[in-house]
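In the two complexes below, subunit A is the common chain; its partner is subunit B in one and subunit C in the other.
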Partner chain A sequence: MPEDVDTPDHDTSTPGTAVSDTPASERNTYRSTRFGTGVRDTPGGEGGTSLSVSRLNRTLQKGHLQRRYTPYRTPRTRSMVSPATDRTNTQEVDAQPDWSGLVRCSLSVYHVTPLYRYRWDKAGVKQLSGALSLHLAQLATAADANMYKAAVTVKEDTDESFALEITVKRRDTPGRSGSLYAVLCNVEGEVSQTEQGAFSVLPLLLMTGPATLQNAVVSWLEQRFDCRVCPMSFQSSDLLWAMALGLVRGNSGKVKQQTLDLQYDVPLKEAGLDKISLQIPVKLAQALLNSVSEDTENGLQLDELHLFRQALETHVFDYFKIHLDMMKLSLVATPVLFVDKVGRLKILSVDHVHAVLRMMTSFALERSPLTACLKAANESRL
Partner chain B sequence: MAEEATRQLPNLEDSLSYFTDESASTKVRGNIKLQLALEGIEQHAQNKGLSPDTILSLTQVITSGKFADSTNSRLVKCLIPATTVPEEAAVRAISWMCTNKPSKNVQALLLRWLVLVYDLIDGKDKLHALYGVLFFFIQSDVLCPHVCHLLYLLTRKQDVRLFRVRPLLDMQTRVGAQPHVTGLLSLYKLYRPELINVPLKTHRVFFKQTDKAWAALIRQVQLRNCPREERDQWLKTTQIPITNLINDVDPTTEPRAKKAKLDCIPAIEYSGCLDQNTTAQSDKVPVQLVGSFQELLNNLDNLELPSQAAAVLRSQYLQHLVSCHPQQHVAHRIGYWLYRTLHQDLVDCPSASTKPRVEKLLKALINFTDFLQEGVPLCEMFLWEYLFTWNGLDHRPQILQLITRSRLHPFQRLNDYVLEPLRRLFFTSRVHCKCQILACLTELLRNHVSVEWARHQQTQNSEEETTSLSLFPVDSEVFPALQSIQELVFYVDRLCVVGLQQEDGHAMLMHYTLGFFELVTQLQRRFDIPLVHAPSAPIVYMAMFDTNALTVARICAIMYGFREEVTSLKQKPVQESYGFTSSSIRKFNNCILDICDALWRCKAFSSGKNEASVFHVPKSVVKQTGIEGVGESFSLYNHIALQGFTHTFLQKSLPPGTPITPRPRSRQSTQDRSAYLDFLTSQGLEGIQGFISSFIKVGKSSTPSSAAPSTASSTATSAYST
Partner chain C sequence: MAAEQESDMPEVLPGEILKPFNKMPCRDTATVLLVGSYGTGKQQLAKAMVDLCTDTGLKLQVRTTTSLPLPEENTDTRPRIDYIVFIIDLTNRLSFSTVKSAVQCVDVEYFLGRACFVVTNAKGTSDQCVEMEEVSRLADMYNTMYICGATKEGHPDERTTLANQLLRLVEVSAGRKNVSPLLLDLTCRQLSFQEEQPEFYTV
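Up next, the complex of A and B:
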């Protein structure tokens, strides 16, 4: 495992990757070619105002002004632990509500725009159960109109944040088969749900169950709360962060899976080869991560993650001559969680549900434009 | 023959008196008097219609039950109103139906009549009070379709009650889904969706039009009796309702696509349980029931917003509502929805299959923003993200049009988010796309100066937030907006210069460039923005030496307009202004002098030129060309773009037989030249005459060569010396 990597810079390679938003940032990057190889821009360089024809066709070109704004809001650094409650696993288990319903099942991840006219009191929530049952009955055919039993409950947390739990059960079959379980939550997001007014912010929706039921619940949420629910897809950088979370948190000896699995999409699907998977013992991966980062728990940098990835890929290239850096990461499996690019998530240990939800919430919030405009909306509440 | 018949028939009064006469025989068979009276009434009704009083007395006759069913049926058919139907008559008819004395046929006939003349009944409150009574008739199979139709017309929100929904649903399960019952139920569902949980079939037409001939007759009689001006109005508003109102929501929108997938804008639906206090909402009207602009005006305060705010994109009427009652939360709901939907379909998972529906959505959005005259801020944020990854091909017309609705931003931000991606596209694509981008930037500037500038000024000046100019929240960010506009103009100017060079002065690109500057030369006078900007020299010269006469004329008009701008700005009280520096004026004056030299003075390459002049060419080089009278080569007569016009002009003006060639300059008279200028103006090239008349003072002497030069330069410099 190559541990000292001397190329300090790996590109932010996929759409949606981080480009810092701060004006003072010296790391403005342009994503330009179709392979996603960007070139770092040097600040204060030829900020020339000339527009000359000869330079036009270059893929990388500076504007006549130094770029200061980019439309991406992805942070360059994340903390793997929550600032307050999340210090140790034991405390976390005490403080958090019971998330066992989310563990060890294949969850589909959705993100949700702010919910309009959501009533938090008991009567409001009770009404929701009725409304959902009714919606499901309307969608069903006359024969099995009463097949589903829907329940919407509020999961209250200690510090005034709460999640909405949706359970839809089939009447004819006992147990979990054919039923749906969904959680709508906002776990320590930047925009807290208590800033609500006309709107409440529950940006993350996790669902498990048959696809038709999922669609029905999504359409009900959209109609009931005038919001938009979209399936979330993960970019390479998101997957890298999830992997880091798995590595940092997965160091307790209890876990069964002891490997880190990475899967890459092959750009040209030839000769039956469409993906390449990579399996690394967790211990080694953790050691590598620790060697590239100063503080893995609190201030892990995106650059450090890229360094990590590059180290792995160089290693693979040395042995197998495979250019993994030209491919997109599509799946990550760690002792703690399993994520793939189309938005499927599996949480493997109940101890880490909170941390995973926290990261997913921040992913979801990064995809929604509300940080700026939400306050104005609430101030103007009728 | 017809006249004879009328002569034999008794007139209306006589006929009526027969029926009102107590002693008259009610026998049908062999009763000639009865027949004649009936025919008399029929004749009159079909020609002129019956007055309200006559209708009332005839209803009394019918409801007295004196005459046989056949007579009554014929009488009902005669009830063709000339103007209106008294409510009393309608109430009487229903009361009589309740006695169960008349046969089912007559009852049905009366109901059909009520449906037909419903819009002409002069008051509906008493009739509406009988709603519950009418509702009982749905039990009868014969009457049910007509009663349903009448109820459909009468229903108000407070009529929709659970105890009425239940029998209708029972009936539906008993005899299957009948269109008329479904029609009534879907209206109920529209008002109170929480009462009806079952999905309803959609029929194309809920209520069959059974009495087409009768309806046409009523319509004709009404038209005949209406005064002309009322008639037009009437034709527009009053129609005997036959179609399914619910299914065609908005006459302005195209019919809904068959596949729901093609259409991602949410349907206009109301979920009653959303309302926290249902009593207060009970008088709200769903927009589906609004059929005309007049009705919209009447109900503007009572219209109900659909439960999904983005559905306003569907209906023009709802857009009126939203813009008349701006509510922040509605604006945010629309914004969130649009942002997310566009992002999902264009950035997150773009695919070929979603293209048609995205295009439809974008078009609806453009209509919406055009209607509001403002962009949706969250859409702008979406655009910023999308432009970053845009391939420049997908939905190009729509995307460019959305860009034009951009808000005022500090130039740096506008540049980084919008102009930079556009610039990359501009220089990597063909001339057609360049023109599209230039048109987009022109419209962007127009939007900034005509709409956004005023909005910005208002937010800056007023202390508390005013929403009168904007539906969506406005950032009260403080930045030099004028400077931002100026930099935009400057930016497009340079873009044009390089673009024209790259495309070798392509005519179409030149057209759009000039279009942009035609807008720029109106900023001060038309939009009251203290900003002047002259096109930079390369553009002026390129246009000046173009082979297209219109281009030459237009650049002259632009130069002339710029001078007007400066003079009008000078007359204003001193205020902060941009683009008005001495160096820019000097450059501009050089351009003017060169144009004057070339067009008018025929001294294009004469010696002693200013260094800044485009004609500053060493004499030896000019000599080497070996062209005689090279100075005249760009004159009004010899300019390559104008030669065709010169030829036509000379053909007309010179005596026949003389060779068609312009006289040398020394022998041209002022009259000749002004005639030529008039000719050019008549050909649509008025810019040239405007330019000459404003920059050159033509002396009184017949040879202008001595007078013109000094005046040209002095006019130019005196106008612009600061």
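Up next, the complex of A and C:
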């Protein structure tokens, strides 16, 4: 596969001994300052672990490759910046929909297979609201019938893409206490939303609210659109991408003590110790990420992310003799977002919602091979 | 630039590299080396393999290590290593990195049919930290097959199957079957000259 041969020459050498021609002076100053609790560049330790990887990569570039076909190829580069919407063009910024309903609440993330027969004109959407109310009324017991009021609205993003917003409110209590808010969207996903024939591709579903209501909405969606809604779980590599997004787009200055929080699950053998939590000041983490990667704005490579992770893990090993590589990363908390391996997401600032949704959409699309098959089928037909 | 990079990395001394033909083979004996980090189930796999060999007349010696190169003190008393098994646990990133550094301390002759990778915990992607893609890339790079299996207590049948498979390979490697291990290695792969062709390794 061509992507493999294209790994850049700086591949995985330690930041101190860079092969590429970045100026050595800035690396040296980074290495010589001492941080109290922060991350220290450890060329010796890191050299030990990345020795084989860099040799491996060099043989990759020289030798012949035989790529095995694996069905779900995870991308080696992800861009942290959307090409369309992150320009400082005020017109573009104003045109973004209002995602404030998603901020600062604990969202459960689901991935959805393509929806069948979704009509996005006004009459269709109104019909959906009615259908959802009916469904909820049917599920409710006789005592609390008519307790919930459901509304389905469409949020326009650009001409092509839009999101479906579902709100279920309790009639008796005002405010958001017992109510559910859900967004079904496809934010710049690889498979476009509208070109798929009778199907619409809206792979990402974010819901916040009581569990019974969530189950009810999920069952209604599955019934109405003949799709499957599955809760999404994140692997440690996905959590690392989310962490990188949080670091690259971190807002500066608002909160004094901004830390990057990483939580690792300890394997069962170690009795008495459940989780290990690692806290790093965000500025230092950002500096480490910048020193490892060439161009954080346009695309972060998977190898760079692995280097970052290796740097942190060797640092912890040097100081505490804890092998973080044997443990599984389960939670990432940055000032911008908070992601759990179970599928819980919390976005803490409105400015970055779009970027987070874009990354989540790409995760959701990776987990749904049905969508890729649909796209391939439609393309072959055209 | 390239020279600078070479001198920065610690070199593996030529004396430390494991060679298959340094020592004389013995009749009806075989020695296997299991390489894998802590927690990958080497002792249990070793016991399974030795248990299988008790009736066959083959004297099997299984040695385990967590990293290569092997310590120099034992070089004289150590018998000839016929087969090397690298164990990678997909839930343990450290096992993958130790195997990656261990393969460099092994002579290239071992990769012509006298070594293989064993991948454990390959079922169920929920706990995996290492992706299967990385392991298959490593195996492709060294042109060596990999076997997925289980080595721990919870799967005794799978462990026995894995031990059986490894034992077959070890016997060929020790010279008991009158077949060169390279021939066996050839039959395990599909020879193709196109890069995009999918390849399947079966044992």
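Following the convention adopted for this analysis, the second predicted complex is superposed on the first by the 289 of 382 C-alpha atoms of A that agree within 3 Å, B and C clash if a C-alpha of one lies under 4 Å from a C-alpha of the other, contacts with A are read in each partner's own complex, and residues count from 1 in each chain.
Everything that follows uses one rule, which is that contacts are C-beta pairs under 8 Å (C-beta built on N, C-alpha and C of every residue); 3 or more make two chains touch, one makes a residue touch a chain.
From a predicted model like this one, the values you see are computed outputs, not experimental measurements.
S.K.: Of subunit B and subunit C, which one touches more of subunit A's residues?
M.R.: In the superposed model, B touches more residues of subunit A.
S.K.: Name the contact category of A:D325: first (subunit B only), second (subunit C only), both, or neither.
M.R.: In the superposition, A:D325 touches subunit C alone.
S.K.: Contact-wise, after the overlay, does A:S237 reach subunit B, subunit C, both or neither (first, second, both, neither)?
M.R.: A:S237 contacts subunit C only, not subunit B.
S.K.: Applying the touch criterion given at the start, work out whether A:S100 contacts subunit B, subunit C, both or neither, answering first, second, both or neither.
M.R.: neither
S.K.: Can you list the residues of subunit A that touch subunit B in one structure and subunit C in the other?
M.R.: 49, 51-53, 56, 63, 65, 67-70, 233
S.K.: In the complex of these two chains, what residues of subunit C are touching subunit A?
M.R.: For this pair, the touching residues of subunit C are 1, 4-5, 8-10, 37, 39, 91-95, 97, 100-101, 103-104, 125-129, 131-133, 136-138, 140-141, 195-196, 198-199.
S.K.: Over in the complex, which subunit A residues touch subunit C? Could you list them?
M.R.: Where subunit A meets subunit C, its residues are 1, 4, 13, 17, 19, 47-49, 51-56, 59-60, 63-70, 73-74, 233, 235-237, 267, 269, 323, 325-326, 328-329.
S.K.: For a test of understanding, state which residues of subunit B touch subunit A in their complex under the given definition.
M.R.: Result: residues 197-199, 266, 269, 271, 273-274, 276, 307-310, 327-329, 332-333, 335-337, 339-341, 343-344, 347-349, 377-378, 381-382, 384-385, 388-389, 412-413, 415-417, 419-420, 423-424, 427-428, 473, 494-495, 497-498, 501-502 of subunit B touch subunit A.
S.K.: Would you tell me which residues of subunit A are touching subunit B in their complex?
M.R.: It is residues 15, 31, 49, 51-53, 56-57, 61, 63, 65, 67-72, 113-114, 116-117, 119, 127, 131, 134, 137-138, 142, 198-199, 222-224, 226-228, 230, 233, 367-370, 373, 376-377, 380-382 of subunit A that touch subunit B.
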